[in-house]
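Pasting a structure below so you can have a look.
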Amino acid sequence: MSGLNQGDMRLSGHGLRCVRGGREVFAGLDFAAGSGEAVAVVGRNGSGKTSLLRLIAGLLVPAAGTIALEGGHSELTLAEQCHYLGHRDALKPALSVAENLTFWADFLGGELFDAVESLAKVGLDHAIHLPAGFLSAGQRRRLSLARLLTVRRPVWLLDEPTNALDVAGQDMFAGLMREHLAGGGMIVAATHAPLGIESRELRIGGVA
Amino acid sequence: MTALAALIRRDIRIALRVGGGALIGVLFFLTVVVLMPFAVGPDLALLSRLGPAILWLGALLASLLTLDRLFMADHEDGSLDLITMSRTPLELACAAKALAHWLAAGLPLIVATPVLGLLLNLDMIATAAVALTLLAGTPALTFTGMIGAALAVTLHRGGLLMAVLVLPLSIPVLIFGVAASQAVIVGPMTFGAPFSILCALSLVSLVIGPFAAAASLRHGLD
Amino acid sequence: MTMSLGPYASFIVASYAAVALVIAILIGWVMLDYRSQTQRLRELEQRGITRRSGRSATELR
Amino acid sequence: MTLIDLANPTRFLALTARVLPWLAAATIILLTIGLYQAALAPDDYQQGATVKIMFIHVPNAWLSMFVWGVMSIASLGTLVWRHPLADVAAKAAAPIGAAFTFLALLTGSLWGRPMWGTYWEWDARLTSVLILFLMYLGLMALWRAVDDPSRAARAAAVLTLVGAINLPIIKFSVDWWNTLHQPASVIRMGGSALDKSFLIPLLVMAVAFTLLFVTLHLAAMRNEILRRRVRSLQMMQASRMAFSSDMAAGSREDNASKEAGAA
């Protein structure tokens, strides 16, 4: 994990306002996370948890406010230093598990970690040659997690990451997140269920 | 560079695997061309005069109709989000995807052209001329069609709407493609002039296509 | 034995050759496919994946 | 051995293994005899030696229709009797049928060149075969488009049967279209008036090619059954991993890294 940390990093947003389809989702939102910290975004359905993650990932443009990563790589944008794990798995059923993972490793680039070891960590190591279409929902999620491990990014943006994972999978995932934080990474997770790690709570959209 | 090569490799692989649509385009091309004589009659002299036009129309429809899933599939499974976020400029990624599509679906059309030329009673030189113009012109079709494919993602609609949007844009390519092949068969024009315009159209679309598609995709994200 | 095939000998030879070639491709495809499927079954069995009946999947007799 | 006995794929595989060598041997013997007789057959007074192309063109044309017939029966088996091997038979037959149809077109075109002066004439008979070829290709595309064979089987069966009903209609329309535009087709085979010296080798070749199809079809069906076994075993492997993933990491690691190296 040494390569991740170029000193202390700090991800912060100020006065964020998000408008989707003419409707204001939230406004005046502030948040911050330093190296080794996790933020759990909570709130009722439709309160804008996913929108916040997509704002940070650069997939949505904020109507007002700024998001910045201090101490990160100077030549890269914020989005390029983020991992985004959304509802959809970004997997191709026709390709094998290994082909899916090595594609993202080759395409996303940057600092890489061994793909086979990542698959072993998420418990998919003997499915390497199976088509991803044969995997169950939980196994597909594990394969997506392997992408987070193989391609190194300091900021993890996780949208309901424990969805479809069984109890053992959730434990495994909590371990991976702890490892990431210990290496100086940051996590912003939108979640209903407890994350399984120590985290700061960011409540949006009022009381649930 | 490895990133783009990986993207091209992946898209070609998916197109050739079970469920991929690479060869359906050729089959469509074949079917459209075979349908024509039933409409215009089996007169070989007539067919050989219409041959280049029929082949060009078939190739045009085949390469555009296979395009509408170009970005849609990646959008539906979330891959497009990751591609947008990546360190590879979205314009280059779009160009790579279009190139992969052309290799998997456009090249087979050109390979199939000689066989279809036989059915339409085109002689060797005419067939070669049509194949050459298709080789020069189909990249233009793919790269302009890509804009429509990107709009389809933005608008959440594929299929016919895309065809309606893109077909008018492909008229110049059709004009000069058919003109160049006709020039070889009947004259009176030279082959060179329309063919160089066709090549120029391809080059222009290679530049415009990726930028327009990337711009459309960026605005279409939600 | 020599046959006189007339002025169109090349067409006759070409059609027989084409038929031979395509049939050879068909036979080759069937045989290679068989080999690759049995190979994959054997690999799967080595990894301890067996059929419910407990019998070998490649077993034919 | 009744149809019910054959419903068990394992028993079918056993039968195939026993029968295939004999079928292959019979095919080779008949083909040799047929080719020998075809070589000895006299030249036609009108067409000269090109009539020799008939001995391979006609069997291929016959098979192009026969295979669709086989697939139609198999499709009935899928839709009506729900015979477990029916869709295997239908799927395995499609590429072989397409290959024979392609050969019928190719030899027809090579035969037509000396007769007509062009490789291709929009002659009613050739055109119908061309449409049949397109339908074979479409059917193969359908099989390829869906990953799960049992789901594809229904769609393919419906399409095959619709095709079988439509083929005579297509043939009729094409004939009508053709006579509208030009006088009847150029090649005049005397039909039943065909001379015995042609008829016997032709029949032998037709039987030999039919046997060839049966041999290839059985072998392809065997491959298809094995392919489905691979598929179901892989699915089992995928679902088994879910249970073993927690303890798996250690014991299987060297195995896995070896595979990744191979990939």
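We just call them A, B, C and D in the order they show up, numbering each chain from 1.
The working rule: contacts are C-beta pairs under 8 Å (C-beta built on N, C-alpha and C of every residue); 3 or more make two chains touch, one makes a residue touch a chain.
These numbers were taken from a predicted model, which means no experiment stands behind them.
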Chain-touch separation of chain A and chain C, in steps, is 2
Centre-most chain by CA centroid is B
Rounded to the nearest Å, the gap between Cα centres of chain B and chain D is 32
Dist(centroid_CA(chain B), centroid_CA(chain C)) in Å evaluates to 35
Taking each chain's centre as the mean of its CA atoms, chain C sits from chain D at a distance in Å of 14
For chain B, residue numbers touching 2 or more other chains are 18-19
Residue ranges of chain D touching at least 2 other chains are 147, 234, 237, 255
Expected list for chain A, residues touching two or more other chains, is 93-94, 99, 126
Every chain pair meeting the touch definition is listed as A-B, A-D, B-D, C-D
Interface with chain D, chain A side, in the complex: residues 93-94, 96, 98-99, 115-116, 119-131, 133-136, 138-139, 142, 166, 168-169, 172
As the complex stands, chain B meets chain D at residues 18-19, 21, 23-24, 27, 30-31, 34, 37-38, 41-44, 47, 118-119, 121
In the complex, chain A touches chain B at residues 20, 57-60, 76, 79-80, 82, 84, 86-95, 99, 102-104, 106-110
Chain D partner, complex, touching residues on chain C are 1, 3-9, 11-12, 14-16, 18-19, 22-23, 25-27, 29-31, 33-34, 37-38, 40-41, 44, 47, 49, 51, 53, 55, 57-61
Per the touch rule, the chain B residues reaching chain A in their complex are 2-3, 5-7, 9-10, 13-14, 17-20, 76-79, 81-88, 221-222
